[in-house]
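One structure coming up, written as structure tokens, with questions to follow.
Naming follows writing order (A, B, C and D), and every chain is counted from residue 1.
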Amino acid sequence: MTEEFGLFSRLVRATEENWRAYTRHEFVLRLAAGNLPEACFRRYLVQDYLFLIHFARAWGLAIYKSDTLAEMRLAQRLVAATLDVEIGLHVDFCRGWGLSEAAMAAEPEAPATIAYTRFVLDRGVAGDRLDLEVSLAPCIIGYAVIGAERMADPGTQLDGNRYREWLEMYAGAEYQKLAHEAKAALDDQFARRGGEGRFASLAANFGLASRLEAEFWQMGLDAKR
Amino acid sequence: MTEEFGLFSRLVRATEENWRAYTRHEFVLRLAAGNLPEACFRRYLVQDYLFLIHFARAWGLAIYKSDTLAEMRLAQRLVAATLDVEIGLHVDFCRGWGLSEAAMAAEPEAPATIAYTRFVLDRGVAGDRLDLEVSLAPCIIGYAVIGAERMADPGTQLDGNRYREWLEMYAGAEYQKLAHEAKAALDDQFARRGGEGRFASLAANFGLASRLEAEFWQMGLDAKR
Amino acid sequence: MTEEFGLFSRLVRATEENWRAYTRHEFVLRLAAGNLPEACFRRYLVQDYLFLIHFARAWGLAIYKSDTLAEMRLAQRLVAATLDVEIGLHVDFCRGWGLSEAAMAAEPEAPATIAYTRFVLDRGVAGDRLDLEVSLAPCIIGYAVIGAERMADPGTQLDGNRYREWLEMYAGAEYQKLAHEAKAALDDQFARRGGEGRFASLAANFGLASRLEAEFWQMGLDAKR
Amino acid sequence: MTEEFGLFSRLVRATEENWRAYTRHEFVLRLAAGNLPEACFRRYLVQDYLFLIHFARAWGLAIYKSDTLAEMRLAQRLVAATLDVEIGLHVDFCRGWGLSEAAMAAEPEAPATIAYTRFVLDRGVAGDRLDLEVSLAPCIIGYAVIGAERMADPGTQLDGNRYREWLEMYAGAEYQKLAHEAKAALDDQFARRGGEGRFASLAANFGLASRLEAEFWQMGLDAKR
């Protein structure tokens, strides 16, 4: 299946307004332009650290929700990627921004962080693994779309941009590959557990998850006040 | 949709051997013939009491798994039917067989009881509400099929049959109506959450649930030794 | 046990700042003074309708999480109170404020509604029934505290107050009794499943739940803009 | 805390009859004596392969149920140990007994396998992480106890014993260390989430889990017929 006809593309097309509000949020555009206030980015970094803990929990849940060893191993790779690699990279990256892990761990979770993470976990528990992966897609795949779109945008300013590293990470080949695999996993789940009857409900979840991701950017942006 | 083309009928046709082994198990045939040893029936009654507790838990889980108020209310009716009516009727019925509620509650759960109930709950948590309802179908709808088939069978002996009340309860209009509604609910779930891709996995769950129901009868039958 | 030494009172004392910020939130004080803008109250009413659906799901989850028939029946009563009584009363009440059920059901859930409801459900699934009931306590018991405190406050203005009915409902004997039973249920859970080692974690959940309830009021208040 | 006063030792003492019936089951004694029929061992090997899949699911669930990164990493290690090491070793070992992975995966799960695995998962979902770890303890720690006890028993026959490798694996330093860590994790959970009020319920779960483990041996033994 070409990506254009895959489940992810269909979900984006069905919820385009939410999708654009999330992927082209002012936070993202200013980050790419290099004029996002640092307080906003720091706020985002701290909450993203707290987010990652629940992201790892979501993939732990996916292990439990697996029907086959292959499915389990896919979810296990994402738990490991999060706990063994991403959290470490994030902590290193944040140290460069003057944020220690202890300080981030002591910070209260913002309502926007709670809303998105617990929404995903609830869809994952109440629904099945397809519901879980669809709710996570705006995060995993969305960051790859954001990275690629910003890199292709003439308005993006890389020279002297404090956020360049962040952009290059999500636009980079490694992350793009991970997002590509996540799309293929969605198609696989939809083939085995989906059906047209489910599309409306999956699109509603996907749209709401995108809306909550936009709220997450907004929470970062609000730190400038 | 005529029942013949409904999800339930398709599941039965896809797992016919398991289905027959369950619905025409020696326990059932001897119960209908009136020559099932009483010790077997008593064993069944006690374990069925313990079963009902987890059956009510399963419908509580379905409330949590609901997407709409209508779905919630359907599940709530089955919780209420179990906790407010069925357990009471079962306790009354068992008293007639010399079994007190306290004595039944103190009895250890048989492995066959644990296997079926926890299998259903696991499918219900790991999967979605369709998985849950499909796993419960051999119980809810199966008992109506068993009741109706035995009543229509010339080999069934009602006169002087100690188990007549049991047969008449499940063959009766009230229980048949409940089973009919459960079939309609399955079709509704399959329309909204199903799709042909899921059929193989649903049939596997349905077949395994029927096999575990057959083991439940066997556990009763083994009490004669 | 006198209430003062019960689990609920200990949780309040351990998280007093959050508790006060929630129970004496500007939304509540202005509602009692009768000068809360109607747009704020309407916003609250709509989101509270959406909240109730997840509240019923939480008590369905509690049925599944029960160890005894007595526990199941307690949870079942709260499902029934929500689905059979509260939602109906709420819909009637809202009609008086010009809000139809269809209009409320079509409204998107606010992030504050998602944050609190899904936080509760996540605590309930990831933890045990004690975690679930502690996370729900700021809602169930908190509304009774708010009602009683406002009625006892000389600053409260009942004459000509558009919100009088709301205050009288939560301050009334029936709701106070329900809150009293919820406190007793918490003590029972803590005796059977608790222990001092759990107190810190329970207090953290209770405090966070109260913070999310305060955000819920704030979401209502923000509608005045 | 010395192990003697740890939670595991207390659970064993509270359920001694079940514990002995499990750890000194005829299957185990004959395996140590070297006169267990091979058909019994093969039956056990196949079902143990199916068991491991749900064992990995249980540790995935524990990741989801974690409150801290440390807890998550502990559970993640056990997922990895199962999916990356144990299943592989088991498959290699079984190949030596003429059993291919495909053949084992195609085998239906025995009711005894379903009963124990789904019981554990249900305790894990309905309860909290302490309930989950207590239900898994007869498996993880029990195998270490069985290995050590058999090696210390003069009745054990190592020379020419076809099952020697199995005994040496569980009696070996590596597995004993894993069991030792599992005991420490239980004590840690009990300190943070336990309390004397929970002991009776935890002991009931532990005793039932041990009973279901004994049924698992019995299922193997029954293959000789």
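Here is the rule we use: contacts are C-beta pairs under 8 Å (C-beta built on N, C-alpha and C of every residue); 3 or more make two chains touch, one makes a residue touch a chain.
Computed from a predicted structure; not experimentally measured.
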Practice task
State which chains count as neighbours of subunit C and simultaneously of subunit D.
Solution key: A, B
Handout entry: Centroid comparison with subunit C (C-alpha atoms), farthest chain
Key = D
Practice task
To the nearest 5 degrees, please report the angle of the rotation taking subunit B's Cα atoms onto subunit C.
Solution key: 180
Handout entry: Where subunit B and subunit C are represented by their mean Cα positions, the distance between them in whole Å
Key = 37
Practice task
List the centre-to-centre spacing of subunit A and subunit C in whole Å, with centres computed as mean CA coordinates.
Solution key: 31
Problem - CA centroid of subunit A to CA centroid of subunit B, Å - result: 43
Completion exercise
In subunit C, the residues touching two or more other chains are 57, 64, 121, 125-126
Handout entry: Category of the chain touch graph - line, ring, star, complete, other
Key = complete
Practice task
In the complex, go through subunit C and note every residue touching subunit D.
Solution key: 64-65, 67, 125-128, 131, 190-198, 201
Problem - Partner subunit B, residues of subunit C touching it in the complex - result: 53, 56-64, 66, 69, 72-73, 75-76, 79-80, 83, 87, 121
Completion exercise
In their shared complex, subunit A is touched by residues of subunit C numbered 57, 108-109, 111-112, 114-115, 118-119, 121-122, 125-126, 208, 211-212, 215
